[in-house]
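Lettered A, B, C and D in written order, each chain numbered from 1.
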Amino acid sequence: MTETTPGWLSSDELEMTRARMPILYVEAVPVRVDDSGEVTSVGVLLRIGPDGTVSRTLVSGRVLHHERVRDALLRHLEKDLGPVALPRVPTSLQPFTVAEYFPTQGITPYHDPRQHAVSLAYIVPVTGDCRPRQDALDLVWFSPQEAVSEAVQSEMPGGHGVLLKQALAHAGCVI
Amino acid sequence: MTETTPGWLSSDELEMTRARMPILYVEAVPVRVDDSGEVTSVGVLLRIGPDGTVSRTLVSGRVLHHERVRDALLRHLEKDLGPVALPRVPTSLQPFTVAEYFPTQGITPYHDPRQHAVSLAYIVPVTGDCRPRQDALDLVWFSPQEAVSEAVQSEMPGGHGVLLKQALAHAGCVI
Amino acid sequence: MTETTPGWLSSDELEMTRARMPILYVEAVPVRVDDSGEVTSVGVLLRIGPDGTVSRTLVSGRVLHHERVRDALLRHLEKDLGPVALPRVPTSLQPFTVAEYFPTQGITPYHDPRQHAVSLAYIVPVTGDCRPRQDALDLVWFSPQEAVSEAVQSEMPGGHGVLLKQALAHAGCVI
Amino acid sequence: MTETTPGWLSSDELEMTRARMPILYVEAVPVRVDDSGEVTSVGVLLRIGPDGTVSRTLVSGRVLHHERVRDALLRHLEKDLGPVALPRVPTSLQPFTVAEYFPTQGITPYHDPRQHAVSLAYIVPVTGDCRPRQDALDLVWFSPQEAVSEAVQSEMPGGHGVLLKQALAHAGCVI
């Protein structure tokens, strides 16, 4: 069945578009902060891909037609962390970085074999209870030191480990 | 004739995609700076639209498939300012803001009747000789004070005037 | 009585130092945000100066010796908004701007006749009950549109009106 | 001889002030960039301290009374890189981070036994010929990969290695 609502793409159309256009994404690094705003831990999703491989990743997803970046962030945070995570979406849309995922490796630190995706990346404090859903298996909270360790970084392919380090660098953590 | 190279869209495909996906843009505010990096003037394009209306605008355009944001910036700067403008593309891709142009007015300060465009906006010092090309009629350099005046702002529809003010606010100019 | 604890300056010492060194300040623009992080209103203090003049201002104050910027922000937010304002200090210390207040007018948009102060400026969402204390008479919440109006701006001397506009520009509000 | 010009501190006064106030610094990470603004190499100073220890460091120094941050950056860049380095001071004073050097270790990633210094940190492309002067022995250009290597990082005490990583993270380099 082909989806025909404007703003929604059928699978075929999405495949076609992915071969022709950069796809706009948002990415969120969920963190716990103390009263002074300092990051105390960072949330990483444990995910099983379509081919059964296990990997660690961040909250991310497409921005839809006629959807604000803020609403896309909220939607993907709820999708990945559940409805009571109580995320604090930033007041400014200025991202800490723009991550460019290319289907070809080596152009940037990021890589996505499916598509050319350009991702606006934000640090998002969450204060509620996180209950991963959908394809996410589990959410693990790491200290900043653990998050940049070789063990965790080696399980974050496609440049997500680099993005996590960039987030922690932006937050002023030792990296 | 239909363009069939992957990464390029035919007119029909572009129309279809514009109705289904947010389109990624880059936007540059060209500025002259003094030796200390302070903005002394800002470049605004005088443009004639398809319907003959005259308006003032900034350097902007789509990011193509498999094109880096940096290269899209360079391409549009050369398209709008000519080959010897000598733009200094920022070292960091962190934009000063993300402008969301919706086909519906009032959702954000920005509006584009053709499409939902999401634009990464940068301040770009240019040191060379600017020679507008293509559909741009002229490039006018304004002082920051002139640029935020009602006279100039009223000729910058679709929220481009707001974006110009945001750029000057980011640069520390009186707005 | 002269304060002699290291990290605290007597009035005389503060006067002397103000004539010799730039003094480090933090400044906070208190805002109310909706669930998507968008600014809905901005808090401005109504303050009576030592000479009886009434003016509107933002939360601000010095950073003390051996005090973190985060802790200085918290201290001044509590001093000006009371103990249950529940401010959300940003995760990153990257300010939206650095405001340079010079004793001489016209060097920057900011001016402080008492001193050369350099201020790190942050947008700080507050979710609790604000009860201004000390020399602050009242806290008034304005819509972003009201905050940039001539009426409010004309009551914010020393460049604080410019700083407020910069904060709203950074937050993506119409300015 | 005691310096008595306002805005200048005698050695004794500087010692006294350092024990009572945070001292405002600027810090610059000199980089070479290609035409698209991407960082290709980063400049690190090889410095001999007062006690004869060799260490690698970045361009840094105090902001003086009545001196703009931009002018302090230019002054220290010229002091450390010579008069023909042709630095491109950023158009915006928004630093990529604020580094807080405490005399006590462990409060932040940064440490300065002499004082509590708060440093505004900027990435500064330089296009000219760099000729280190004064107490700087040499300027070495590293690739981003070399700059974050254990060999270089271990020679950058006081958190300067962390700051260099933060700069490269902000510039989108692999760290």
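Please note the rule applied: a residue touches a chain if its C-beta (ideal position, glycine included) is under 8 Å from a C-beta of that chain, and two chains touch if they have at least 3 such contacts.
A quick note: this is a predicted structure, and the numbers were derived from the prediction, not measured.
Judged by contacting C-beta pairs, the busier of the interfaces C-D and B-C is C-D.
Taken over every residue number at the interface, the positions common to chain A and chain D amount to over half, indicating a same-residue contact.
Chain B and chain C have Cα centroids separated by 33 Å.
Taking each chain's centre as the mean of its C-alpha atoms, chain C lies 27 Å from chain D. Annotation for chain C: residues touching 2 or more other chains are 68, 92-94, 96-98, 108, 170, 172.
Taken as a contact graph, with one node per protein chain and an edge wherever two chains touch, the assembly is complete, since every chain touches every other chain.
Partner chain A is touched in their complex by these residues of chain D: 97-98, 108-109, 162, 165-166, 169-170, 172-175. Taken in their complex, chain A has these residues touching chain B: 6-9, 13, 16-17, 19-24, 63-69, 92-98, 100, 102-104, 107-108, 116, 118, 120. Residues of chain D touching chain B in their complex: 31, 33, 35-39, 68, 70-71, 73-74, 88-94, 96, 123, 125, 170-172.
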